[in-house]
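Working notes, beginning with the structure itself.
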Amino acid sequence: MEIKILFFAKLREAFDVSQEVIVIADTENKISDVLNVLRHRGDVWKRELDENKPFRIAVNQEMVSDDVLLKNADEVALFPPVTGG
Amino acid sequence: MEIKILFFAKLREAFDVSQEVIVIADTENKISDVLNVLRHRGDVWKRELDENKPFRIAVNQEMVSDDVLLKNADEVALFPPVTGG
Amino acid sequence: MSVRVQIEDFDVSQEMLALRKKNPKVGAVASFVGVVRDLNDGEDVSTLELEHYPGMTERALELIVNEAKTRWDIYDTLIIHRVGALQPLDQIVLVIVTSAHRGESFKACEFLMDYLKTRAPFWKKEQTSSGERWVEARASDAEAAERWTQGEGS
Amino acid sequence: MSVRVQIEDFDVSQEMLALRKKNPKVGAVASFVGVVRDLNDGEDVSTLELEHYPGMTERALELIVNEAKTRWDIYDTLIIHRVGALQPLDQIVLVIVTSAHRGESFKACEFLMDYLKTRAPFWKKEQTSSGERWVEARASDAEAAERWTQGEGS
């Protein structure tokens, strides 16, 4: 299935991309699976998405934890803790 | 000694006076002495300044309790609980 | 510190700008505006007459502001309270507090309103359809002010 | 309920007047304005760039507003958050809450700011004399939001 991924702020700059679409197997349907695909790119991807890093995850514009199940065409966003206001 | 007395709001209307000067003996120098002078006028004075009524007292523009000592030319104000804001 | 008792209305934006004094250390501006309602304790209100004790009012408000400044790390405060005849929808009172961070300005602003309500010599008289009456003090206002003596504000 | 994400500045007085909608039941208008400071974590700031997640931002703010409405007896709320390039002294964010009595509007206004700070997808990047940097989230903001989950807001 196809998953759209958005990156914001520091992550957008670190990866030098604001959005992309990745294709994952229908059986690999958790956020953590998506994160592992990205981490396998190594370098800055591995570093910034390390489990100890405090990045946040949203699915279809709501913040979630990384065991949420995905479906085709979901919008996943990865970003640092928010600093508005 | 001479004491200036101010009345505000409901008390000003009840007594139909906004200020007056009373003369009390130098030995009668507590707020409670002033209150007793006023209460002795009877009628509305006795009723509105009854100890069970929730009126407030200020001396020289600061709220006080009725055992404060007065000196000549002090400004005493009597008024209901405040309702601004 | 600034305290004003006036008949005229006020403009919140202008007062905020003036209070900030182009000080780039100000990060937070908390404010409160009290407005005349058309209903109070079940009676419809057509006019509200505000009486005060000139001289003592300003003193009392300045004491309240000084108290707030000892409790919180704030920059400046403004209190404007209107007197005279007011109608429903009119602004009655404005409190503004500036600080570096928001927690202090929020707390100080609410504290100033709670203390003003119980310590500043203002009295309201309402014209209602069943005649005029002096507004009674509320127990809830006394309780709101009481909270600050019990350590919540620290 | 109204939520706006915009580049343009805002006028607090105008927004208050619009939010009150000539409703004579409104007795209390609490507000907060956040302002860009020229100093943050020891660095002098010349420009602040605000990025956000369009779509999610509005959704997140609306969820926060709905949460406030279930907790307190309030009439209306407005949240305006600016994005793009801002300088010290510029207004960043405005929250206004109207209610009959002041306690509710104060509490809801502070709650909205605390939740906005930790749940709405905005990010700040500062230009300082030693280069540019993304602002780090503050533990104090997380703690401020956490208070409301522990019953203080009830």
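Letters A, B, C and D name the chains as they come in the text, with residue numbers starting at 1 for each one.
Heads up, the rule we're going with is that a residue touches a chain if its C-beta (ideal position, glycine included) is under 8 Å from a C-beta of that chain, and two chains touch if they have at least 3 such contacts.
Computed from a prediction, not measured in an experiment: that's the story for all the values here.
Ranked by how far their CA centres sit from the centre of chain C, the chains are topped by A. Centre-to-centre separation of chain B and chain D, using mean CA positions: 48 Å. If you average the CA atoms of chain C and of chain D, the two centres end up 22 Å from each other.
Separation between the centroids of chain B and chain C, computed from CA atoms only, is 27 Å. Chain contacts: chain D has residues 34, 102, 113 touching two or more partner chains. Within chain A, contacts with two or more other chains are made by residues 85.
Every pair of chains that touch is listed here: A-D, B-C, C-D.
Against chain B, in their complex, chain C makes its touches with residues 34, 50-53, 55-56, 59-60, 81, 92-93, 113, 116-125, 134-137, 141. By the touch rule above, chain D contacts chain C in their complex via residues 11-14, 16, 20, 22, 24-39, 88-89, 100-103, 105-106, 109-110, 113, 140, 144. Within the complex, the chain B residues that touch chain C are 6, 8-10, 12, 54, 58, 61-63, 77, 79-85.
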